[in-house]
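What follows is one structure encoded as structure tokens, with my remarks underneath.
We just call them A, B and C in the order they show up, numbering each chain from 1.
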Amino acid sequence: MDKSVSPQNSLVSVKHLTFTRGDTKIFDDISMEFERGKITAIMGPSGTGKTTLLKLIGGQLFPNQGIINIDNKNVHQLRRADLYSLRKRMGMLFQSGALLTDMNVYDNVAFPLREHTHLPESMIRTLVLMKLQAVGLRGARNLMPNELSGGMARRVALARAIALDPMMIMYDEPFTGQDPISKGALVHLIKSLNNTLGLTSIMVSHDVQETTAIADYIYVISGGKIVGQGTPQEIKQSTSEWVQQFMTGTADGPVHFHYPAKDYVDDLLSSGKRY
Amino acid sequence: MMIKFLQLLGKSTRASFTKLGRASFFLIQIVSGIASVLPRPRLLLKQMYSVGVLSFLIITISGLFVGMVLGLQGYYTLSDFGAEETLGVMVAASLVRELGPVVSALLFAGRAGSALTAEIGLMKATEQLSGMEMMAVDPIKRIISPRFLAGLLSMPLLAALFSAVGIIGGQLVGSGLLGVDEGAYWSQMQANIDFQDDIINGVLKSLVFGFVTSWIALFEGYDSIPTSEGVSRATTRTVVNSAFSILGLDFILTALMFGDD
Amino acid sequence: MQHTNTQDTLVGLFVAAGIAGLFFLSMQVSNLSSFTEHDSYTITARFENSGGLKVKSPVSAAGVKIGQVTGIRFDPKTYQSVVSLSIDVQYNNLPEDTTASIFTAGLLGEQYVSLEPGGSDDYLKNGGNIEITQSAIILEKAIGQFLFKSAEEKAEGKKK
């Protein structure tokens, strides 16, 4: 194992990761470090497998090669029970929110608490209201998920993700499809949660403006490889054509936007799932 | 042309075998997940509601009508032989041995099975299952196993209700409308329906059907392609496969149970 | 909370109804009740031919069911059929000279044992034996006899 690459302070480190789906290489020998207490963003055009990366980190998918260490544990060699206890310390915010549709907002946020703790209901109530207050939705506790707007659903999902006070949180495209006000609210939330709770955040996004505003470090991936990395400032001043094309949003450039449609179908079929 | 056909055949055979393999593995997971449902009866209760209570009406009403039709048809046939007195036996035997378990299982597959598939499929499509996994909650234990257990427990109750209501329906038509002696209806029935051979075997049948239908419904949902079309296909497959399995298994079970005498 | 309470109640009702259905099937529809319901005593009757009588066939007196057949065996010494009848204990005053006959309910109906009480003051006890019996009417035999008889009559008519 190549210890020399990993900085002392990284919580998650991805080493020489290769992941293929069918004949397509989603990731080709990539290495990344995610520092404790920082917001690290992974950017790249749609369909580059950013969500896949989060699922790999969460242990839901298995890599073909390479290792992923979280807190110095190899995620994919953990026994099931250990993996589950690790996941209790990881929050994940899905693109759709992934709220449980048969429960109201309150019960959704209470869900991980009820599943994993034996706290009395009064204490759960206090915790849930605290988390809802943090995302500004304490007043919406009795609504059902289908009564929420997309932005609200994501905020509820965020409250749920931090219910167990995790050490890290993964955001899957938190800004996609949000109106500017919701975007602003989410940017503010992610930043403030990171600071107040001391979370390590991993964020997958292709929204340049919002991401550069809050990220401490950015990886730009394309075609399964890392095409650029650095602080937002460094990325903006990158000389790489790929990075520049992505950051400025030029239609023409080295990045192929037209990916074979097969990828998508394969992604939906997702055979390598850990069920 | 021929080669292509053989390739296609081979491919689909392989696909169905891998699916069977996934389904078996899934079943093992469900069954081992049942242990973690037992200390949490609330999960089971909630599913008993959506699987059992919500099927109650369709089952009892269908049972009543099936029993009434049996009463009518049976009477016309039996009265040709002057054996109207045995109407009760005919109605009860048909219901308890065959129609009760089979028809209620078919209705169950249509009512509860398809709903289960759609529910699980949509939970998959909206990343709820995945999200649960990331919250370190095993969706099999939390979502699938309680539903499976609820289906397994509800099926015999529903089948028993179907038969009981049907027998009463047959009596209403037989002695209420057509004038078969009520005492004969019941006493002939009691003399000819055996507790062990008929009632217990009927309950066993419905347990098997409940097991298979719930398994198919949950697996199809869990294995569905997470799109609206994928979920709708999975729902159709649940009903079709359940119906095939119920009828096929019914033949096998009947041959095993009633073959000896 | 109100919501879940209603749900609980409905599930409770459903389970209760289902169990009631099973209970109904066991007690009212099947023969389970005749095993457990009452105490009974057993008497035997010997028939020349017990026909289509089966175990669990009803035993009735004056058209009312008072018991059931619990066993039928062949006695190799007398070449008779020995039928055990289980009679409900509340009908313990059957006279000793009761007659047992095997009848058929309807043309194709099932066969049953009919008891006709005699005039004796002594009653049948557990393990008792009914002396006077009338065998089952075997349809084939009856038809055969009828045909034979009518053929004979015809033949006699021609002679005259």
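In this text, a contact is a pair of C-beta atoms (placed from the backbone, for glycine too) under 8 Å apart; a residue touches a chain by one contact, two chains touch by 3 or more.
Keep in mind that this is a model prediction, so the values were computed, not measured.
Asker: Closest chain to the protein's overall Cα mean, using per-chain Cα means, please.
Answerer: Answer for the innermost chain: B.
Asker: Is the number of contacting C-beta pairs greater for B-C or for A-B?
Answerer: B-C
Asker: Mind checking the centre-to-centre distance between subunit A and subunit C? Centres are C-alpha means, answer in whole Å.
Answerer: 77
Asker: Can you work out the whole-Å distance between the CA centroids of subunit B and subunit C?
Answerer: 37
Asker: What is the distance, in whole Å, between the centres of subunit A and subunit B, each centre taken as the mean of its C-alpha atoms?
Answerer: 42
Asker: In subunit C, which residues are in touch with two or more of the other chains?
Answerer: Correct list: empty.
Asker: Touching residues of subunit C toward subunit B in the complex: what are they?
Answerer: Spelled out, the residues of subunit C in touch with subunit B are 4, 7-8, 10-11, 13-15, 17-22, 24-26, 28-35, 56-58, 65, 68, 105-110.
Asker: Can you tell me which positions in subunit B touch subunit C when the two form their complex?
Answerer: It comes out as residues 45-46, 48-49, 52-53, 56, 81-86, 92, 96, 154, 156-158, 160-161, 163-165, 167, 186-195, 198-199, 202-203.
Asker: Hey, which residues of subunit A end up touching subunit B in the complex?
Answerer: 55, 58, 60, 84-88, 90-92, 94-96, 98-101, 111-112, 115-116, 157, 160, 268-269, 274-275
Asker: Please name which positions on subunit B make contact with subunit A in the complex.
Answerer: That would be residues 122-123, 126-140, 142, 222, 225-227, 230 of subunit B.
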